[in-house]
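Report on one structure; see the data block that follows.
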Amino acid sequence: MSMLEIDKVSKLYKSGTFGGGLKAALRQVSFNIERGEVVSLIGESGSGKSTLGKIILRLVPPSAGCVRFEGADITQMKGRALHEYYRYVQGVFQDPFSSYNPLYKVDRVFDMVHQEFFPHLSGDEWAARVGSALEAVTLNPGDVFNKFPHQLSGGQQQRVLVARALLLDVKLLIADEIISMLDASTRVDVLNMLVGLKKRGLGILFITHDLSLGNYISDRTVILRNGTIAEMGLTPLVFGNPRHSYTVSLLKAVPQLHKKWEDIDIDELLAAELDREAPALAPRGPESRRYSKSSLAPARQARAKDILPQGEQGPRPSLMDLPGAPWQRKMSSPRLAKLLLSQPPPELVEVEEGHFVAVEG
Amino acid sequence: MSANPGPARAAGSSTPAPVATGSPGEELDELPSAAPAPQGPGERLEKGALAGAQAAPVAPTPTLAAGAPAVRLGRQRWEFLHYALRNRKLVFGFSVELVFVLAAIFGPLAAPYSSAGDSSSAGVPLKDQCAAFFCASGMTTHPSAHHLLGMTYFGGDVLSIMLYSLRETYLVGFLGALFAGIIGLALGFTAGWRGGWLDDILQLFTNVVITMPALVLLIVIGAYVKIHSPLFEGIFIGATSWPWVARAVRAQTFTLRERDFVDLARLSGKGGVSIVLKDIAPNMASYLFLVFILLFSSSMLLSVSYDFLGLGPTNVVSLGDMMNSAMLWSALNLKAWWWFIPPGAAMALIVFGLLISNIGLDEVFNPKLRES
Amino acid sequence: MRRYFARKIGIYIVAFWFAGTVDFLVPRLMPGDPVQSYLSNFIGANTTVTQYRAMYSAFAKAFGLNVPLWDQYWHFWDGVLHGHMGISISQSSLPVTSVIRGAAIYSLILLVPAIVLAYVLGNRIGAMAARRKVLDNTVLPIGYLFQASPYPWLALAVAFYLGAVAHWFPIGSGYAQNLLPSWTNWHFIVSVMYHWFLPFLTVFLVSFGGWAIGMRSLVIYELETDYARYLRALGASQRLVRRYAYRNAALPQLSGLAIQLGTVIGGNVVAEVVFQYPGLGHLILQAADSQDYFLLMGIFLFIIIGVLVANFVIDIAYVMIDPRTRLAMQGAQA
Amino acid sequence: MSLKVDNLRITYRTLRGDVKAVDGVSFSVSDGEIMGLAGESGCGKSTLGNSLVFLEGRMRHLGGRAELDGRELPIADTRAMNEYRMRQVSLIPQYAMSALNPTRKFGKMAAELLKSRGVRFATVEEELRRRLGLVGLADNVLNLYPFELSGGMRQRATMVLSTILNPSLLIADEVTSALDVSTQRAVGEMLMEFRERGFVKSMIVITHDMSILAQIADSILVMYAGKLAEKAGSDTVVNNPLHPYTQLLLASLPEVGVRYDTSALVGIPGRPPSLLHPPAGCRFRARCPFAFEKCTEDPPFMELQPGHQVACWKAMKDAGLDIGPAVPPAAAVGEEASR
C-alpha cells in the first residue's frame, strides 16, 4: 500500500462572472506517493497542480474521487480524524510572507502546533523540540525567535514553515511552489534543505511550474496539463526521454543559460501544440499555452490561424461554447458536472518500466 | 486587506507586503509574482457596494474601505503612535471629542442651573417640563452673562439642558454603534467565512434590510410602542444600521480567508471560530476601529432625528429633544435661535470631530496616505 | 442578463414581502391593543360598557381583526396586491390610496430633483476637488460639516435664516393657504415652487456633502490604479487620465446611490416636518400621531415600493454604464 | 549611442526614510541593443528602468543625467518629460496585464491615448492592427473590453500599444515574470521581433531571470544593492562573469538536467544590505567569499576587458591592475564622515 493514493480525483470550479459555467481544474487524476519519496508535480498555471495540493491538505474538497492516506479516505475526515491527519501531512505554500499573520511574531506558528497537538509538553520540552526542528532546516533559533515575519528573509520564512511541519510526525510534506518567490541566490539552499529532509525519510510532493527545479529534486515526476496527467514516471526517464509532446514542448521552451531557443525547432513544437488542440473536449486551457503558437513569423502564423480554435480571435471559449460539445448553455450545472466528470482522461500507457504517457489524439 | 475604493488598493496590490527578502529595501521594487489586482465585475460590484455603504451612514472614507492598512497596526505600534501624534487632523478630532466627552461626563455637575434640590436625578428631567428643574422665569431670553446660551420658552437655561443632553446622545450613539457593530460583525464574519448557501441567505437578508428606510420603519413601530429608554433606541438604531458593516466585513473576510496564513492555521488544527477571531479579525482591527467611529457618528445623527420627530425615549432629554421642543414651541417665529442652533451645532461639531479624526486615523493606518 | 435581473428582482420581492410582513405584524404583536387605543379617542365619560363592546367589535371587524391571524395575513396581502389599503380615518375617511397619491406628488417633486442634483453636483465638485488644491481645501471641510450636521438642525437653520429671518422663502405648508390645490392653476404651481425651495435645499444639502467627499476619494483612488499609471507613463494628458478616473469612480458611486436612498428619505421626512410640507413624510408622522393605522401601513408600503423601484432603476443604469456587468451578463463569458 | 546614463541617483521615499534605490549609476545602451537589467528583488533595477520614463510619486531624482539620442531626458521634470514619453522612450510596465482601462474598449482607449498625444488615430490604426496581428491578436480586440481578453492577451495588447509610435528606447519591466515557460518564450521572442522590425530601436529588459536574458539580450547589466556590479555582452556575462556576485548567482541556478545527486548547487549565503543606510565600500562585501581589506572602499565600475565593465577590486586585481593599498578602515570611515 502506498502512503498516499490519489484516486481519480476531479475538481470542478464554477467559472464565469455569475458562476454560470464550470471549469474542470482536475479530471480523474490518479497517482501514488510512496514513503520517503519526492514526487514533483509539474504544470503550468491553470493545470490544477495547486488545487491538487489543496485537496490533499483538505483545504479544498474534491468534486469526485478520493485521496487515501495509509488506506484511510481523507476526503471524508472530520474533527478528530482530520486533526490527526494533520499530524502526518503538512503543507508549505508559495508566498512565504502571506503564510504568516503579520500581526504575530514568528513563534506563533510553532505555538499553534504546541497548543493543538502537544498540549501536554512543557515549555522546556517544547523548546527543545523546536530547537531540533530548526536545526533540521539549518536555522539558528536566535535568528527567528521573537521576531516579526517581515524581519526574516523569504528563505528564512520558508524554512521556519518547514520546521513547523517537522514538529509534527510529518510523513508527507506538500511543498507548493515554495521557492518561486524567493530570490535566485537563496532558492537552491531551500531546495537542498528539502533534499536533506528526504534523506531523513520525509515524503515530499514538490509542486512547481519550473521544470529544472522538479528535475533537480525529485525521484518521480508527474506532468499535469489542463487537469489531467500528460506524463509521469521516474524523473530521469521523464526528463531524459520525454515521450509526450507537451513535455517535449515544455522542455524546449525552458530558457536555458547555455542553449539558445533558436537552436530548438519551434516548428516541431508548434506541430505538437496544434495536435493537442484537436480534441474538442480539451477543457478550457490556460491561455498561456496559446501564445506559444502565436509565433511571429507570418507564414507560421497563417498556418496557425487555420487550425486555431476560435478563442484566439476573441474571448476565450468557455467549455460550454466549444463546438461539437454535446451540451449547450441551458444545461443545468449538476448535469454538466456529471458529463464533465464522466469524460475519461486520456489513457496512460506504460512506455517503459516506471514511465507512463498519456495517449494523445 | 481588501478591495475597495481608496488610495490604498485592494487585494493584489494593496498590502505593501514585502515578499521576498523582508529588508527595508523590499518596498521599492519588483515583486516578481505579485498577481495583478483582480478586475472582475464581481470585485467591482462589491467595491461599489462598499463605497455606497460608506456613503450611506456618514462619511464615505473609501480609503479605509479599501481596507489597506490593518497590517501595520501590530507591526509597528510605536510608529503608529508616532504618526498619530503628528497628525493634525487626528489631534484636532480627538481634542474636540475630548472636550465634549468631558462636558458630557462632568457637565451636569457644573451646569450653572442644575436643579439644586434634585441633584441625584439631575440627568433625567422630563422633557417638556425640564425647564422646571433649571429655573423658572418665564420667557425665552437672549444669551447673556447669566445665561450663556440664553433661555428656553420655559425659562430653562439652554446651556444646562445641553450639558445634560450630551450624555444621552453619546449613550445612544454608543449603544447603537455597539449593537450595529455586533450584528454586522457576526453576520459579516459568518457569511465571509462559511460562504456557500449560508452566505447567500445572509446576503439576501442584508440586502433586504439595506433597502428599509430606518426612520420610516421607526415611525411605524413608534406608532404602536413608545421607546422608553435610550437602551431601546440604541438597539433599534443598531438593528437598522448594520447592513453596510456586514457587507464590508464579509468582503474583507473573503479576501483575508484566501491568505495562506489562514490555511496554515487550519493545518495547525485550529477551528473556524478561533481562526476568525485570532487570525482574521485582528487583521481588520484598524479597519474595524474606523467602522466603529463611523457607526458611532451615524448612530448619534440618527438618534437626533428620532428624538427630533418625538420618537425617542420619553423620559430623558437629548439634543434632538431640544430641537423638537424648540420647533414645537415656535422658536422659529420667536426668533429664538439660541434654543436650537447650539444643540445642533454641538452635535455637528461632535460628529465633525469624529469624521476628521477618522480621516486622520486612516492616514495613520495607511502608510500610502501618510506620504502626501 | 436574465439571471442577474432575476436575482435582483428576487431580492426586491423578498424585501417587499419583508416590509409587508413587518407592516402586518407590528400592530398585532406589539403590546397594547390598537383597537382599544384607537377607541380611546372616541370614548367619553358617559360611554357604557355595552356601547364600548359594540364599538370594539365593530371596529375590530372593520379592521379585519376578528378572524384568525393567518386569514388576516391572507387578506392583508390580497388587499395590498389589489390596491385596497383601507380608508384613512384621520383624513376625512378617504381611501388610503388616494390620500397617498395626493401627498406623494409633493414628496416626489422634492426628492427626485434633490437626489439627482445632489448626486450630479456632488460628484462633479468632488471630482474637481480631487485635482484642485484650493477647491479641495474648501470643499472637503464644508462637505464634512454638512455630513456631520444633524438633519433637523440643518432644516431648522435653513428655515430660520432663509425663512424666518431673511423672509426670502416661506416656511410652513406646501403652498399659500389661500389657494386650493389644483395642478392646473398657474398661481398654485408658482406657490408650490416657492414653498418647495427650502425643503428642497435641505434635502439637497443633506446628501450633497457625502457625494462630494466620496467622489473625491474615489477619484484619488482611481488615479493610483494601474491603468492611470500606465497612461501617465505614456504621457497621456491629465485631462484624459482624469476623465477615465471620473468615469470609473462613478460606478461605485452609483451603487452607493441605491444604498443612500433610505438615508435621504429619512432626511426628507425631517425636512417635511420642519417645513410643514404636505408630503408623505409629514403625512406618515401625522398618521402615526393620530393612530391612523391603515394610512400608516399604506404609506410605509408605498415608500418601500418607491425605494425598490428606484433600486431597480439604478440597477439598470449600472448595467448600462458598466460594460463588465453588461457583457458578462449577456453570456459572452458565462 | 542611443541611451547614455551618467551617475544617476534616484531615491525612493519610504516610511523609514529614503531608500537609495539607484545610487550613482552610469551605463549606455547602443542603437539596436537589447540590454538586460538583472538583479534580485530590491536591488533597484525597476526603479532605474522606470525613472527613465516616469518618476512616480515616491521617487526622487537626486542627481545625474540621462541622454537619449543626444538629447537630455528631463527625467526630473514630469511635464517636460511628457513630450518624450511613448515617442522617444516607452514602457511595458510590470503590471501590463492590468494596465488597460477596464471600462474602455481597447481600441477606444488607444485612440484616446494617441489623440491626447497629438496623434490622429486614423494615421496609425492600420499599423496597430497589423502589429496586433503580429502578436497573435485579431483585429477585433480593438472592439473588446480588457476583461474580455485573457491576461496574456492584455499583456500583448499593452506591448503593442506601448511601442506603436516606434520609440527609440523601450523599457520592458518584468514582462516575463508571471508567465509560464512556454509563454515566456513567446513573449521573449516577441521582444526580439519588435527590435528586428524596428518598432523600437533599443530596449532595456528588466528581469530577475538571468536565463531569459541569456536568450534575448545582447548585453547584460547586473545590479546589486542599488549599484552596478557588472556589464558585458550576454554571452560573456553568462560564460565568463568577473564579479563574484554574478558568478555565484549563475552557479546557483538549477538548469534542466542538473540533479542534486549528481551536481548539488549552492546558493549565496546572507542577504543584501538595506538601502536605507547602505554600508560603505563594496556592497557585496558581506556575502563575498573573496572579500579583502580593499573592499571597504567603494569599487569603481571599470572596463576591464573591451566591453566588459565590473565593479570589483578582486576582479581588478586579477586583471593585473594596480588597485593601490587598502585604505585602513578608520581612514575610510573618516573619509565617509567628512563627506
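Labels A, B, C and D are assigned to the chains in the order they are written; within every chain, residues are numbered from 1.
The criterion applied here is as follows: contacts are C-beta pairs under 8 Å (C-beta built on N, C-alpha and C of every residue); 3 or more make two chains touch, one makes a residue touch a chain.
No experiment lies behind these values; they were computed from the predicted model shown.
Among the chain pairings, B-C comes first (most C-beta pairs in contact).
Distance from each chain's C-alpha mean to the overall C-alpha mean is smallest for B. Separating the centre of chain C from that of chain D, both taken as means of CA atoms, is a distance of 57 Å. One finds 54 Å separating the Cα centroids of chain A and chain C. Inter-chain spacing, taken between the CA centroids of chain B and chain D, is 48 Å. Between chain A and chain D the centroid-to-centroid distance comes to 31 Å (mean Cα coordinates, whole Å). Residues of chain B in contact with at least two other chains: 13, 19-21, 23, 32-33, 36-37, 39-41, 44. Taken residue by residue, chain D touches two or more other chains at 40-41, 95, 98, 102, 147-148, 151, 208, 271, whereas all remaining positions touch fewer.
Taken residue by residue, chain C touches two or more other chains at 225-226, 251, 322, 324-325, 328, 332-333, whereas all remaining positions touch fewer. Taken in their complex, chain D has these residues touching chain A: 40-41, 133-136, 138, 140-141, 144, 148-153, 156, 179-190, 193, 208-212, 214-215, 238-239, 248-250, 252-260, 264-269, 271.
Those residues of chain C that touch chain D in the shared complex are 225-227, 229-237, 239-240, 244, 247-248, 251, 322-324, 327-328, 332-333.
On the chain A side of its complex with chain B, the touching residues are 17, 54, 57, 59, 83, 86, 90-91, 93-104, 109, 112-113, 116-117, 148-154, 157, 161, 180-183. Note for the complex: chain C touches chain B at residues 11-12, 14-15, 18-19, 22-23, 26-27, 30-32, 34, 144-145, 147-154, 156-157, 159-160, 163-165, 171, 210-211, 213-214, 217-218, 220-222, 224-226, 249, 251-263, 265-267, 269-270, 273-274, 281, 284-285, 287-289, 291, 293, 296-297, 299-300, 303-304, 307-308, 311, 318, 322, 324-325, 328.
Taken together, the chain A residues at the contact with chain D in this complex read 44-45, 153, 155, 183-189, 191-192, 195, 209-213, 215-217, 235-236, 239, 249-251, 253-258, 260-261, 286-296, 298, 301, 304, 312-316.
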